[in-house]
Amino acid sequence: MKFQGLVKIIQKEFLSDDVFKIVIEKPKQMDAVKPGQFFNFNVERMLLRRPISVSAIGEETLEFTIKILGKGTEELSLLKTQDEVDIMGPLGNGFDTASHKKVLLVGGGIGIAPIKGLGGFFDKDGVEIKTLLGFRDKPYMLEAFKAFSNEVIIVSENDADYRQGYITLPLEETLKNQNEQFDMIYACGPSIMLKSVQKICAQFNAPVQLLMEEKMACGIGACLVCTCKTKSGDFGYKHSRMCLEGPMFFGDEVIFDE
Amino acid sequence: MKFQGLVKIIQKEFLSDDVFKIVIEKPKQMDAVKPGQFFNFNVERMLLRRPISVSAIGEETLEFTIKILGKGTEELSLLKTQDEVDIMGPLGNGFDTASHKKVLLVGGGIGIAPIKGLGGFFDKDGVEIKTLLGFRDKPYMLEAFKAFSNEVIIVSENDADYRQGYITLPLEETLKNQNEQFDMIYACGPSIMLKSVQKICAQFNAPVQLLMEEKMACGIGACLVCTCKTKSGDFGYKHSRMCLEGPMFFGDEVIFDE
Amino acid sequence: MSSVNMSVDLNGLKLKNPITVASGTFGFGREYANYVDLNDIGAISVKGLTLEPRQGNEGIRIAETPMGMINSVGLQNPGVEVFIKEEIPFLRQFDTKIIANINGNNIEEYCKMAEILSYEDVDSLELNISCPNVKNGGLAFGTNPSVVKEVVSKVRKASRKHLIVKLSPNVTNIKEIAMIAEQEGADCISLINTLSGMVIDINKRKPVLMRGSGGLSGPAIKPVAVRMVYDVYDAVKIPILGMGGISNSMDAIEFFLAGANAIAIGTANFVNPKITKQVLEGIEVYLAEHKYNSINELVRDLNV
Amino acid sequence: MSSVNMSVDLNGLKLKNPITVASGTFGFGREYANYVDLNDIGAISVKGLTLEPRQGNEGIRIAETPMGMINSVGLQNPGVEVFIKEEIPFLRQFDTKIIANINGNNIEEYCKMAEILSYEDVDSLELNISCPNVKNGGLAFGTNPSVVKEVVSKVRKASRKHLIVKLSPNVTNIKEIAMIAEQEGADCISLINTLSGMVIDINKRKPVLMRGSGGLSGPAIKPVAVRMVYDVYDAVKIPILGMGGISNSMDAIEFFLAGANAIAIGTANFVNPKITKQVLEGIEVYLAEHKYNSINELVRDLNV
């Protein structure tokens, strides 16, 4: 049986005005968790659960980093240390982390949360990590990224203390630089960013894994409401379930709408 | 304008397993509050507000005593000191407290809450008070009643430390006793109790005020969902709004169903 | 307060703003006057009126449901004559339009009321065709196309007042009913009335409401209402007064985008007596942010 | 576990307990097998099947609403042949009945599927007449009485399997449709399918779902579903499989009291994957407390 039930919150902390992290005690009967996997969080006030990626995987703990976007994440933000919350998972395929020497991590917005989990994982394996982070406003959680990355490049749309612009800028520059070769690129962020990342990586023939986000219901592949188009399939494309076949898709699989 | 808005909770305390009291700061712009009046409490998780009587009226504070019955009252029970809650009121007609020398107060179940508010009021005026209280299980809040009553009689359906049975027993005994005369009887409790109280008081020709409870929506007389039958009216009866014409009705006004 | 034009013209009924309150949820305005300035409301549709005074239904009249409520008030009201004598003069003290919501047991009663009110100081008649039709085994007038045709055309002949026809959502084809209403002379369509629903008390083992079923309102029904407004917009040319579960300005904006020219707030008044004003202000902010000059530009302004 | 008899016989379809899962909300059972013992479920109505594989609808397929959700999956499924080869053998490992939910673009497709499945190891066919009828301008089969008559009678002739007809709630008169289904040979009625609803994204200014409207499910629709089960019980003699917003055992008991012989859990599976078992246990406790010997005694056992 997969895990679904109450877990205890052992740490809760705000990282910025609207981003907080919670650390939970990992139940013994839970399956091993991979970076890029997610858990479906119950929110009492809303009908549906809320999917949240792991942002750090400890021996006996799991960390989640959550941005307040609407009522559901707002209710999660009210959780306190010692409270319990009903989660199910781990869900989804997670990142493919086959042995690499050097990887490029690309995170935009709250998409940096699963990227942090992935970085922590590679760090243990001694992989060389370069990280590109894009924020809308003031950056946060930078320490964690600096700790595991050999190099971190930060852009922000609105914070003048940092280079301004979109993450796609440093991504293009990095890939143009022939001196650096990456075994794999990993990206998570808003759909529009992933679409650009896909395009840029294709231009440079660089392999990339995209961690996608879409509204979900069951989170386990039963209801078919979370699909995106992927290239495999009889009709030139098929509708794959982000929650089960994803949320990680390879760059050359996904077809973005429009 | 009548008051509707946030008020601050300055005290919160559990009185038994499922009964708690909260004390709020009375806003300056609020109308004077009478015993038997109620406030409509907003409960975030539910659509409709929940009506709650005042159980004590201070100079600058109001007290409410609430029994957890369902989701709405459960959510109210989570409120803590310093939290704010959205209330509207005071609502309803409240008790008629025209000058009395001696009164009999009859409270059953959580119906003792408004009775406590009324006793506190009469106490200030030096009225002689006899109080009959009926509980299902272990009694609570007895100190408060003893403080203002000249005599308190307690029954419980299930607690063997007290006289067992329904409140109607001591009521009948009290009214039978020709040595005691009451200017007015006041009763609040479940509908079935009020129906018996009405009958007994009629037998003894004793004037009684009944504080009724029914599911409400608007709480101010606009939606007509909270009606009960009363004797006045063109057709022999009419449907009166508990929230506006009530919740207090005189014993000879109300027609109970069945 | 804002430079955005909020006035709307519902085919002859001119409102200073498009926020109205739904019949049966605002009494005759008196009670809410203690909480909100009635001058801030575009129009008030009063408690459903009948020719004679009505006592309404017996027993419990309300049950709460997930994000909704069902009611069975049964048109308790003092009758049209008392309305005329006591309530119109009260409401006329305020700068808001009066919509008289009329209800009948049969077509003659509807017509009689329309006639009587023709000579009275109300701004519009709202024909509530969700009433049970005694002749038709209690099924609502508004669910049978040929009955709708008859009642609307006869009421139209009985009065020259601005006429709103209020549709029942408990139908297979709402477009068909709306088109008939338009064809027979309605000036405006209002929708939706309540969905038919039931709650059973599992301890008493009987329906909470004595009549069994009642009318479901509140946020739960909003998606159904938005869909019906959207459909009716495609079917008729006359303006639409949209309602059903509106609880904040975002909800209201959904209705304008679906095709409503004005909206009504019902059940949400019970939760927040100041909601009308707050919704108005929220819409004004949205319009300004999105560079609209007038609320009328928002109507069905979908990106498609 | 309990001494109360929980087995039900839906006019030929015998279930060890009356808790089933609603089509489209439980996939083919595989996914939920990780969370709940499928042996504890009376029957599984599988994801809606079509003759050919279907890709389903494009774009966003879900929007959350107050205590509900609307979906627009568009019958994505691998087709009836793959179902037969891969899913029936999987489900047969468990002690639960298999209900094949069949869907067609036209009556011929429905009949073809019924024929094919006649020779396969499924326990019942559930005819979903909420599908859009291509011939009829996309209006659902289930909303037109004469189309219902035709499709049910033809499917009945095409197969001798136990036949459930699943009704659409988007109709004026659910009793009429149920009676036709009974008359044309349905063994059982299931209801309700989703209500038609719409959500508009006010920032993008377009309906969230690409097709505009979708199907509303979840607690929000429960009062509508209970009312329809209650009405249909009065209209037909065949058993009823009730559903719509059931989220706990109290909700389920409401449906039995309204007249359902068995119930299906849909949207609530998404929230709580173990809900089926929990509802079953909750009902057993209620029956014991209220001194019922069998679930069948609870059906429409109202105090009236």
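Each chain carries a letter (A, B, C and D) given by its place in the written order, and its residues are counted from 1.
Criterion: a residue touches a chain if its C-beta (ideal position, glycine included) is under 8 Å from a C-beta of that chain, and two chains touch if they have at least 3 such contacts.
This is a predicted model, so every value here is computed, not measured.
*Asks:* Suppose chain centres are the mean of their C-alpha atoms. Which chain sits farthest from chain B?
*Replies:* Result for max centroid distance from chain B is chain A.
*Asks:* Would you kindly tell me how far, in whole Å, the mean C-alpha position of chain D lies from that of chain C?
*Replies:* Distance between chain centres: 34 Å.
*Asks:* Chain A to chain D: how many Å between their CA centres?
*Replies:* Averaging C-alpha atoms per chain gives centres 36 Å apart.
*Asks:* In whole angstrom, what separates the CA-based centres of chain B and chain D?
*Replies:* 47
*Asks:* Counting only residues that touch at least two other chains, what does the list for chain C look like?
*Replies:* Residues 63, 67-68, 218-219 of chain C touch two or more partner chains.
*Asks:* Classify the chain contact graph as line, ring, star, complete or other.
*Replies:* Topology of the interface graph: a ring, with each chain touching two neighbours.
*Asks:* What's the complete list of touching chain pairs for this entry?
*Replies:* Between chains, contact exists in these pairs: A-B, A-D, B-C, C-D.
*Asks:* Going by the contact rule at the top, pick out the chain A residues touching chain D in the complex.
*Replies:* Interface residues on chain A, with respect to chain D: 1-2, 4, 42, 46-49, 88, 214-227, 229, 234-235, 237-239, 244, 257.
*Asks:* Using the touch definition from the top, list the residues of chain C that touch chain D in their complex.
*Replies:* Chain C reaches chain D through residues 63, 65-68, 70, 139, 143-144, 170-173, 195-200, 202, 204-207, 212-213, 216, 218-224, 226-227, 230, 245, 250, 253-254, 257-258, 286, 301-304.
*Asks:* Quick one: in the complex, what on chain C touches chain B?
*Replies:* The touching residues are 24-27, 30-32, 34-35, 47, 53, 55-56, 58-64, 67-69, 71, 73, 76, 218-219, 267, 269-274.
*Asks:* Sort out for me which residues of chain B touch chain A in the complex.
*Replies:* So the residues of chain B touching chain A come out as 44-45.
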